[in-house]
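A short write-up of the structure that comes next.
Here the chain labels run A, B, C, D and E in written order, and each chain numbers its own residues starting at 1.
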Amino acid sequence: MSEPMARSPFSHTPGLSGAPAHRFPRPPLSRLGLSPGKKTRLKRLLYDHGPGGGTLLVLPIDQGLEHGPVDFFANPESLDPQYQYELAREGKFSAIALHIGLAEKYYHEFAGDVPLILKLNGKTGVPSDAQAFSPLTGTVEDAVRLGADAVGYTVYVGSPAQDRDFLQFTGVRQDAERLGMPVVVWAYPRGEAIAKKGGKESLYAVDYAARVALELGADVVKVNYPVASEKDKESPSPYNSLALDPNDAFRKVVESAGRALVLVSGGEKVEDADLLRKVRSSMDAGATGIIFGRNLWQRSKPEALRLTRELHAIFREYAQPPA
Amino acid sequence: MSEPMARSPFSHTPGLSGAPAHRFPRPPLSRLGLSPGKKTRLKRLLYDHGPGGGTLLVLPIDQGLEHGPVDFFANPESLDPQYQYELAREGKFSAIALHIGLAEKYYHEFAGDVPLILKLNGKTGVPSDAQAFSPLTGTVEDAVRLGADAVGYTVYVGSPAQDRDFLQFTGVRQDAERLGMPVVVWAYPRGEAIAKKGGKESLYAVDYAARVALELGADVVKVNYPVASEKDKESPSPYNSLALDPNDAFRKVVESAGRALVLVSGGEKVEDADLLRKVRSSMDAGATGIIFGRNLWQRSKPEALRLTRELHAIFREYAQPPA
Amino acid sequence: MSEPMARSPFSHTPGLSGAPAHRFPRPPLSRLGLSPGKKTRLKRLLYDHGPGGGTLLVLPIDQGLEHGPVDFFANPESLDPQYQYELAREGKFSAIALHIGLAEKYYHEFAGDVPLILKLNGKTGVPSDAQAFSPLTGTVEDAVRLGADAVGYTVYVGSPAQDRDFLQFTGVRQDAERLGMPVVVWAYPRGEAIAKKGGKESLYAVDYAARVALELGADVVKVNYPVASEKDKESPSPYNSLALDPNDAFRKVVESAGRALVLVSGGEKVEDADLLRKVRSSMDAGATGIIFGRNLWQRSKPEALRLTRELHAIFREYAQPPA
Amino acid sequence: MSEPMARSPFSHTPGLSGAPAHRFPRPPLSRLGLSPGKKTRLKRLLYDHGPGGGTLLVLPIDQGLEHGPVDFFANPESLDPQYQYELAREGKFSAIALHIGLAEKYYHEFAGDVPLILKLNGKTGVPSDAQAFSPLTGTVEDAVRLGADAVGYTVYVGSPAQDRDFLQFTGVRQDAERLGMPVVVWAYPRGEAIAKKGGKESLYAVDYAARVALELGADVVKVNYPVASEKDKESPSPYNSLALDPNDAFRKVVESAGRALVLVSGGEKVEDADLLRKVRSSMDAGATGIIFGRNLWQRSKPEALRLTRELHAIFREYAQPPA
Amino acid sequence: MSEPMARSPFSHTPGLSGAPAHRFPRPPLSRLGLSPGKKTRLKRLLYDHGPGGGTLLVLPIDQGLEHGPVDFFANPESLDPQYQYELAREGKFSAIALHIGLAEKYYHEFAGDVPLILKLNGKTGVPSDAQAFSPLTGTVEDAVRLGADAVGYTVYVGSPAQDRDFLQFTGVRQDAERLGMPVVVWAYPRGEAIAKKGGKESLYAVDYAARVALELGADVVKVNYPVASEKDKESPSPYNSLALDPNDAFRKVVESAGRALVLVSGGEKVEDADLLRKVRSSMDAGATGIIFGRNLWQRSKPEALRLTRELHAIFREYAQPPA
């Protein structure tokens, strides 16, 4: 007989009425149904590296594949992957997330210092996103060989290529189960049908994507922060008339993700104050952490490290003992 | 030399003439040609859990994937999969049916209390259904590992992607045969050609889908209750002029399913009286049970449990000894 | 050094000149290049069951999948697969041919009494036939497990999906070779290009399909009886000006099938006299037997058995000793 | 250190200036880089059967699949594959080339007398050639089991389906390497792009196809004799202005094939004198032999054997000792 | 703790200001994260053959497949692959790069003298490049069997077929990792989307392609020299306004390739002075070497060897000790 987890249905919480945000707890590790291998590795990320206390501060560097070198002009040092590795080590990140090429060529010099999340699929930003699908660039066995503590996989929820995507993911999930490797799902709404129902940043789309990740077996899900807009009116009812404030909208997404831990995506570089507000809001809503790339490595290293220290300080406030 | 099973060709039964419904017996377990493993598991669902007596009362919670979190607004508690698990346990369901993510993250707390039907394929409701196909999200081996007593698989009968679907199903069926795992087929008519021949709720379509499930090797088939409409006139002869009453139409479907046990789908939430009438009609026609989701978990728990008790009471009337 | 088989090139036979039909012999079993396993099983069908004497009388019941339950209205009893099984047993058929679901659920009660031809691929009649392709519903290993004596496979000759079809068949043929299982090919012309060259019933199309089955490795080939029509003028030369009488046209097809034994398809239900005439014409031309479904099980059992006895009587006239 | 092979760059040879043809030597077996298994089998074909002396006289009978029975009307006896087998035996051919069905059903009576080249892929002539691709009908393991001395594979160079074709061929080539089985490539230019660049019989197309076969790993390549036409002007430079005489054009193709031995295709039936002239021209140019089907088996056996004797006589003039 | 590699962010280097080019060092072998097998083989190419000193001088001969025999008219001797092999041996190249057919038929006479890079995928130039994709023609195991020291693979960055390409490459990369075989990626931008963003020779496209190769796990990347043009204005910002001089543009590409060693492609034959200037510029920018085909073997052997000697002389200036 199990004790029910603290539940906070989105429509009954103070947050939804505009009142000061409640801090929603994160699901305890012991209730996630993890195999010993997954639990060992995930606990290492949540408690032994980075800010600890059950939080995740992840530095991604897959933009060179996804967007091209164009993202590195803002800070030329960032073109060399060693920059991100050093930032991850000096900034004491929970993990660095990247593709096989950057892992094989650079990780050997940081192995043991910075945990690795090996991103297993990706694509370039060159062809159109109409049939968005990210083919495998690596495997769970590559991740095991390299000493990684998790793998990452992008699912394009709603894409016409969704069926191939689910099948490919199922293969990854099974390998990960067999080898005790936690799976982080980048849950991205995409495609024409999404565009017609409010767009990829709408609460409808982000909320659905979070649930899909849970249903498919993600251990951790990376989501974008939903953005309210006029296009929400095209979302299915009742999304088209919810009009939640940003905090409540994000809390809704966290609840849809259920026992998949939530990482918030950073997206394009924004002002410090906005960034930190987003972090607090996310953590209040029950997120486990953040995965910020351009907002960090598009800065000079001193600047990036200064901001990272602020993030650590915030994260310490949200520490939760392992259970 | 075998004794013929009681047969009731649809056109000779009292039911077809509008007379009070006859109660058609269900095919006995001993005549279904089951391997020892399949028989062990199926008997467990039919007699050792739920209402027993050879019936099935299944609680599905795959709507978060198929429709998105939109279905949970009617009862915010239902967003948390723990709600459905608790309902299944407290309401003594024969089994809960869901995808791998909800099984891996939540089932460990209910293992041994609630039997599991692991749904093996699914899709989102985002892209168009024109090429409807549900890719694998799990495998029969996942089901064995998790202690499931059956697997579920959706076949979209008539979809242009039908060939990929049949091939994928054949793989699942073979794994299930090898591992002694009963297969429940969600038999759904879909696609343009179905739309032109009366639509997916027509007797033509539902009847064909039931037979396809039998031919492909389903042990149990989930069908929708056929709905008569003006569009039936576009169905192939003689469906376009049958004009059966609902009871007889459903009995026809049960006969087409042959020795595949029939589960009736609930669909959208309806009035209690309508729901219970549908249940009796289905059981009279020889159905083995029901698989109702939204009609149950879109209610508060006390309400859902009250209705579940009524269902148990009805099912007891239809108990049939194992044979 | 081998002795040449009696050859009767179609253009030199009496039949072609309208004279009374000659009885062409069937290729002897010893010359078909069969492995021991294939020979064991095929001899069992040809000599130990059914009419024997090297003939085949096969009862197919795959119409529930291919056409839907619509075919069972003519004789409501036929909706229950047990009807066809009983007919096959009581009518002493050489074999019953059906898909995995009907084999797994019903065959256990007839095992040892009625030989089984497991049909390995199929499709519904719902979507258009433009890209006709029948995916696998079973495997040769399923057939071995169930005690079948042959497998059946539909090839859609001329379909745009022909390449996938040939590849899939090649896999089946190899499994069958490895496991000593005879292969019966349903050789059906289909697709736009066939339609433009005389249609699927033209001698051109049926003749080509028979040869394709031989070239691909069929042990037995099921063909439709070619039907002369105005459309023959669109067939490639010299088919567009052959104007053979039906007997000679069918003899031509048998010769194209070479050492693949020929089964004649029944098609839709016709008058008794027409049916029996077709049977005699086919056997005269060197066919090994018939595969009639609707013409038999769309009748009441007494009627079907009466006709079956007549078929047995005819077949006895064509007995050929094993060699 | 190796001694260079006699090279004769096409633009420097006497032949190109219209002078009497030089006899170009064939590449010696010892320089082809063959594994022991390939060398054993290929030497058997080149020296122990057929005309010998390092030449190949191959009888193909795959037209029943590729064109349909239509090709057999010219000589009704040819409809029975036994005819071609007998012709190959009595005419002492180097090998007979055909598909799995004709091998399994007929070869057992000729095994040990006539070497076998098992053709591994093919298609019908029914659907359009726009996406020409020949799926596998057999495998290298089938060939080994049947005692074949080589396998045949058709590559459609330039077809839009070229990528699938190359992949499929690569699998065949690897199996052949593993099992020591020589690979004969039917190198056929096809598709819209070929049609726009001079057509499938142009020197440009045939020359390119020969080189592709060499690059992909053919041991022997079957090519069509290039035919000059007005359409050559559409070929890429300098093909559009070469205006080589037929002998020189064919020599060019042989050179492009490099160390892949060249077989010349017969194509449709032509006059004897033309046929023999083509044979001499081909052998002068360094071809290893011919693969003539319709030109032989569309004749009565006495006629075909007479012509075959003439071919043997010619081939004896081109004997080359093994080295 | 590792010492940072000398970094030279492109926007801060003297080269970018038009000042005389700095010589950028190449990444030392010890920092590339190579497995022992990869390091053994790559060191052999970099130091034991060819110009040595950590440079690569590669002779490719895959044009017969990619372009057809048309490329050999300029120097008829070059039609015979033995010509390129001899050139590679006499000119002391680091390696020769070619497909399986040229390796199996010719390499045995040069084995031990000339290192081999087995090109694993390719296509013809016949069909349109709109869906550019190069299927496998060989495997890493073929390369091991033949004694090769590296494998080559073409990735078409930006092609609509990019997903299949990445998946195929991932399989190759894994085999190469398992067998210790260095991977050289031909990184070619292709497809409609590339054409709309500046074209395949634009800095944007070449730069992106180099990064993709690094991210996917190339050990060596072959790139084209970017060419500035009016079309650069259609490239994404800031590429559309960079206006780098050729040296700086190429340096940018080398930096994007990170720890993947860079080979410069030769392309069509150009004037000697231009060629040597391009070589020096590339080596100054940190390239590891060149891969020139037509610029060498479209010359007579004395001419080609003379130029090769000049290349050796230049390369000696750029020698770097192993580390």
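Heads up, the rule we're going with is that contacts are C-beta pairs under 8 Å (C-beta built on N, C-alpha and C of every residue); 3 or more make two chains touch, one makes a residue touch a chain.
Keep in mind that what you see is a predicted model, and the values were worked out from it rather than measured.
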Shortest walk length in steps over touching chains, subunit A through to subunit E: 1
Given subunit C and subunit D, the chains that contact each of them: none
Centre-to-centre distance between subunit E and subunit D (centres being mean Cα positions), rounded to whole Å: 36
Distance between the centres, which are taken as Cα means, of subunit E and subunit C, whole angstrom: 59
Multi-chain contact residues (two or more partners), subunit E: none
Touch list for subunit E against partner subunit A, complex: 2, 4-5, 7, 9-12, 31-33, 157-160, 162-164, 166-167, 170, 173-174, 177, 189, 191-194, 197, 204, 207-208, 211-218, 236-239, 252, 255-256, 258-260
Contact footprint of subunit E on subunit A as seen in their complex: 62, 64-65, 68-70, 73, 76-77, 79-82, 86, 98-102, 104-110, 122-124, 126-128, 133-139, 142
